[in-house]
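Structure provided below as structure tokens; questions to follow.
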Amino acid sequence: MEDAHQSADSPSFKPISVSLPSDVSYLDIARTFVADVGNKVGLLASEIHDLQLAVTEAVTNVIEHAYAGDSSQRIELAFEKAGECFTIVITDNSGNRFDPVNYPEPDMKEYLSQYRAGGLGLFLMRKLMDQVEFFSDSSGTNHLRLIKRVKS
Amino acid sequence: MEDAHQSADSPSFKPISVSLPSDVSYLDIARTFVADVGNKVGLLASEIHDLQLAVTEAVTNVIEHAYAGDSSQRIELAFEKAGECFTIVITDNSGNRFDPVNYPEPDMKEYLSQYRAGGLGLFLMRKLMDQVEFFSDSSGTNHLRLIKRVKS
Amino acid sequence: MSLALSQKTIGNIQVLVLAGEIDAQTLPPLEGKLQELLDKGHYSFVLDFQQVSFIASAGLGVLMSVIGTIQENNGDLVIASAQPEVYRTFDLLDFTTLFKFTDSVAAGVALFPNAAGVQGD
Amino acid sequence: MSLALSQKTIGNIQVLVLAGEIDAQTLPPLEGKLQELLDKGHYSFVLDFQQVSFIASAGLGVLMSVIGTIQENNGDLVIASAQPEVYRTFDLLDFTTLFKFTDSVAAGVALFPNAAGVQGD
């Protein structure tokens, strides 16, 4: 269904995906891949930066929280463009279902006054992206879908 | 088995893979990914060029021969480094098993005197790489393993 | 990509020159250096961000984790020469209300009391 | 990445200036242009490869497919200013015995008979 939708809207870009180790040593190459695919679809440098930042936050969370620091697992990044929506889906097989409802946006004024470190990744993703959706299937596979409306 | 071997020899590089459309429009990004991974493992520019050329030949063959030009299929590139061996495995699901035994190296002198076009991809891969192996499994999945000994 | 870190002292101000990308991978040396300087009683910092091309929230978290101690000790932490996209990351999270930003290291140094006339090393 | 193609004439020599990467994706315009010029009776070619960063065997195949006709008509195809890695691709397949290579377009033009004194446009 999604593929049919994608190819109908955007015959010029077909999905690409990459599979990476769940290891912070690969955050840099995750960003490189985001830039490569972004360049391939003609995104602006500022759009690419925002996608790199959101993906860095998402992948860091998967490594640290979903996989609890186990660097021997895998993370998949899947890239699609349908019309003006550029979508990145981050997938893990950790079995740790995450419900972001428990993590409402922090009140930054209060937050900053408490000098708390951390807890900003989710907030940043929501600021940067037009849509941030978590969904899981029964096999223990979790997906985070990041959607950004782009110019081109 | 292979993974155990890989991680024992080269704890610093864990496998990365990318999945691309079986479409010549993605040859450029296939080469970009080869360069990114090559840079990540510290290969020389000349080594990266040779890998890009071999991968271009391999992916072109999969698109044109294995998938007979059907651009709606998928091709996977998997990158590994074990010791001084950098390995790229190109995988398709075409069901078209290929036996290179039927394609011995051309005699270039004879070849060039006949002005034949084409039939050089396999020869070039064998010239560029230290090992070129085709293998298939019963499900119709074909793999081409390219191995290059690298300096770093 | 990685994060290169070098240090110089201008008067009693610690100038940390950073180059590269700041994320969960590259953060530990920066975190260690800041903690080491705090432990030695240094509370005046200028971070030269000119060659920092990327910062993730993990990086902001580390700065957040030291700013309390710094301010309690009448110090400050100034970020100099941040690139537009890096500044934007701070700004999206309102961190621009917590840290001072300047266009140059010299301008950052000048923000500290008693900085006038101090020469760089 | 793509392959940009522009054309100029120096005397009776066709100079094709290529920029980009030559592979199965980018090849058709080059193939079409060469065929079009052959159909018009042009058999003297200099290909300016200075800005070609990559060539796959598909590209060599196209050059191979026209060199027979060119030579039968007392023409030639010279490759000018090839980058080392692109030259190496030709060399690995012994294509360096089939095509002449020069360091510049001018040197390529000079290889043709009656080229002396011809001015570029």
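Letters A, B, C and D name the chains as they come in the text, with residue numbers starting at 1 for each one.
The criterion applied here is as follows: contacts are C-beta pairs under 8 Å (C-beta built on N, C-alpha and C of every residue); 3 or more make two chains touch, one makes a residue touch a chain.
The structure displayed is predicted, hence computed values, not measured ones.
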**Request:** Determine the set of chains touching chain B that also touch chain D.
**Result:** none
**Request:** State the chain with the largest centre-to-centre distance from chain A, centres being mean CA positions.
**Result:** D
**Request:** Go ahead and note the Å separation of the Cα centroids belonging to chain A and chain B.
**Result:** 29
**Message:** Quick check: how many Å separate the C-alpha centres of chain A and chain D?
**Reply:** 45
**Request:** Return the residues of chain D touching two or more other chains; collapse runs of consecutive numbers into ranges.
**Result:** none
**Message:** Show the residues in chain A shared as contacts by 2 or more other chains, in ascending order.
**Reply:** 28
**Request:** Chain pairs that touch, all of them, please.
**Result:** A-B, A-C, B-D
**Asked** For the complex, which residues does chain B have touching chain D?
**Response** 24-25, 27-28, 31, 46, 49, 52-53, 56-57, 60, 63-64, 108-109, 112, 115-118, 120-121, 123-124, 127-128
**Request:** Would you tell me which residues of chain C are touching chain A in their complex?
**Result:** 1-2, 21, 23-25, 54, 56-58, 60-62, 64-65, 67-68, 85, 89, 92-95, 97-98
**Prompt:** So in the complex, which bits of chain A are touching chain B?
**Reply:** 14-21, 23, 26, 28-29, 32-33, 36-37, 40
